[in-house]
Amino acid sequence: MSGHLYGKTFELWRAGCPDVWRDYTHHAFVEGLRDGTLPSAAFLHYLIQDYVFLVHFARAWSLAVVKAETLDEMKVCAGTVDALVNHEMTLHVKTCAAVGIDEATLFTATEEFENLAYTRYVMDSGLQGDFLDLMAALAPCCFGYGEIGQRLAGCAAPDTPYHGWINTYADDDYQTVMAAVGQMIDHAIARRLGDDPVQSVRWPHLQQRFTTATRLEVAFWGMGLRGA
Amino acid sequence: MSGHLYGKTFELWRAGCPDVWRDYTHHAFVEGLRDGTLPSAAFLHYLIQDYVFLVHFARAWSLAVVKAETLDEMKVCAGTVDALVNHEMTLHVKTCAAVGIDEATLFTATEEFENLAYTRYVMDSGLQGDFLDLMAALAPCCFGYGEIGQRLAGCAAPDTPYHGWINTYADDDYQTVMAAVGQMIDHAIARRLGDDPVQSVRWPHLQQRFTTATRLEVAFWGMGLRGA
Amino acid sequence: MSGHLYGKTFELWRAGCPDVWRDYTHHAFVEGLRDGTLPSAAFLHYLIQDYVFLVHFARAWSLAVVKAETLDEMKVCAGTVDALVNHEMTLHVKTCAAVGIDEATLFTATEEFENLAYTRYVMDSGLQGDFLDLMAALAPCCFGYGEIGQRLAGCAAPDTPYHGWINTYADDDYQTVMAAVGQMIDHAIARRLGDDPVQSVRWPHLQQRFTTATRLEVAFWGMGLRGA
Amino acid sequence: MSGHLYGKTFELWRAGCPDVWRDYTHHAFVEGLRDGTLPSAAFLHYLIQDYVFLVHFARAWSLAVVKAETLDEMKVCAGTVDALVNHEMTLHVKTCAAVGIDEATLFTATEEFENLAYTRYVMDSGLQGDFLDLMAALAPCCFGYGEIGQRLAGCAAPDTPYHGWINTYADDDYQTVMAAVGQMIDHAIARRLGDDPVQSVRWPHLQQRFTTATRLEVAFWGMGLRGA
């Protein structure tokens, strides 16, 4: 990726855990989406879990509104809740409806441990820490899916059945929201850590939250591959 | 008011504290809005405080998304955050801009104690209790302003300078959101307290939260009248 | 177990998920503690993770003080935090010190996913719901360890190296605290659900939290057996 | 006061709002305790409200355990909860019992707005921010009462009926806990803001929380003087 697509903070966090970031964004599950070899049962299992994930992710972005300290932080976080509930989750609802699974069933699906671990870790990052702790835990999903969507849009097999998934994250709507989130995080960092955040004593703690959430992304793909 | 405009639960809560409800909805401040005798300095003082109030009210409705347990609860609460941030607060921003107060100044206005007491009591109702505790504390502002707006729209002096305020709460946009909130609260009550909620052992506790929040509305008007 | 050792509510919750409760309290890990066949490396791996678990468990019991609504609830929950920090964790610190692992190392140990999933699920039960939601998620660990400790104290192999662990949970200190917790939960249930809680519409939701936390206990033992 | 009795951070915060600090620690209510002219009805009204205040203060210190990030932070905060519930509140319970008010009545006393505003502002500081935001809001009560207790112990009228109150805060138990709290806050600041915290961009925000909580102390004394 060139330029500061999702902001400077994200690029620093990503550079702080290069191996686990690659494990996440180039996971076998992702490559299966790209070349179309991912079994449809694995995809469906993933999608059902991801629906429940997004329910809790929307709760976590709402917690970010609770913890925001500026009007801009409030507006961007509230806008992200709207994007999750009214756009991203539509992909899941439509895809599952096509195979006979309605939204009420999705909402009450039993969560796999990897799913529980990830979403509740994010929530607790917000309860234990401040707005930045929560942002560091939210960032890997937001920007990683943006990166994956962009990459796969440029190299996916023409006949992969997963273009719908790829387009959800590659398209301008998603990319625009994520660019705004990235810029807002940069401002949030400057407000709380100053102009040289990497030198702040808090930086390693924030990096650890980002890295932990990225590890949890890797485990989430693994859960998807494992199937139901 | 006739019918179940804002739902059955609200009507029960309102009936549970008739005197304080009347003190709130027929406060001298409200009558001053109606007949136009409210001094503009008092209105402006109120409006600045109310802007900060709405910032925290939006945080509280976001906390409601965190505490929601159904998709409908999540969607209605997220929609209310949007209505607050993108509609109701516009009245405040425009009115204050007309007298030379910009939004950044509003956002950082020093809160009066009555304001602090009210908003933080609502937030803590959500932290201490469950979704219903939070709804009981949020309800008086939502539905009281709806009632006041409707009543004043029908009887305000033609030359009161406060038609802009009255219309904000009387108009269909606000009334439609509040009708949806009222219906959602009825469902939330049924989900957690069953078909005969008044007989539930929790009912007096929820009534107490509603009554306390209504008392805090009365104090908020009093703060407005007192002026800066 | 005879009698209402840890209260009526616990017995109802336990009876609501008999298979998973047995999977938890008679897990191969537990039987390995009993007959002494549990490899010491597995025990040590478990103990380090369990130390971090207890850190977050103490945070969760502190959240219970935040959510308490009676003086008795506050006192019992605050007392449990004290018991965890000043008694139960001592076992872990001493055992680990004997093999050269100091408490600072324990405190910063990387959490396994099963550990993250469990503790953060408990925390979020408190953030999303009320005091009862949090109690239902806290109960399986508290009372399950009490049950296991009592059973193993009566049937453990004389030469098992795990008598220290068994005694921590079998001894009167732990049992007395747990009896008080069980009684407090019964009162908390009566206060919020009335005299016939099983008929309450909330009961299935609370049972689900208890069952989920019990499933997470099974996964935690599995993590222990798997080793580092 | 000489030396760093309650730590360096507190001294910086106190020096950041000298006028409001003096309004608080030399309030007419305090001088009435010193010379014995405070009407007993005003004292009793204050004491009942202060009991409810301490209930929520104990909840806030428990929230601090939830937000702690080191073992030392957890232990000091949990110890403060214990000191509040099992020591400081005893003064209130005994004094009120002597005039026929039992603890159950105290626990359910209707809170004055100044009381609501203060305690809920503290709670929300913890929900919105991190451990430091909460500490800045908790500090004025803790250390201010320590200062007042020490000063009045040295200059109170021999026949003031308020020696019991004065001794509660002047005695070694209270002072020792507060010295530990002050030291813990200094470490918490160093961990999150580094060696020169006053230069941190967050410093003015933390100062504002301390100042706001001190203003709320002044209002609390005013409520006491006003009487029931």
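Letters A, B, C and D name the chains as they come in the text, with residue numbers starting at 1 for each one.
Heads up, the rule we're going with is that a residue touches a chain if its C-beta (ideal position, glycine included) is under 8 Å from a C-beta of that chain, and two chains touch if they have at least 3 such contacts.
Chain identities (UniProt): A, B, C, D = Aminopyrimidine aminohydrolase.
The model shown is predicted, which means the values in this text are computed figures rather than measured ones.
The interface with the greater number of C-beta contacts, when A-C is set against C-D, is C-D. On a Cα centroid basis, the chain most remote from chain D in this structure is A. Per-chain CA centroids place chain A at a distance of 42 Å from chain D. Averaged Cα coordinates give chain A a centre that lies 32 Å from the centre of chain C. The distance from the centre of chain C to the centre of chain D, with each centre set as the mean of the Cα atoms, comes to 34 Å. Residue positions 59, 66, 123, 127-128 of chain B each touch two or more of the other chains. Contact residues on chain D toward chain C in their complex (touch as defined above): 55, 58-59, 62-63, 65-66, 68, 70-71, 74-75, 77-78, 81-82, 85, 103-104, 107, 123. Contacts from chain A toward chain D in the complex involve residues 66-67, 69, 127-130, 133, 190-194, 200-202, 205.
Those residues of chain C that touch chain A in the shared complex are 59, 113-114, 116-117, 119-121, 123-124, 127-128, 216, 219.
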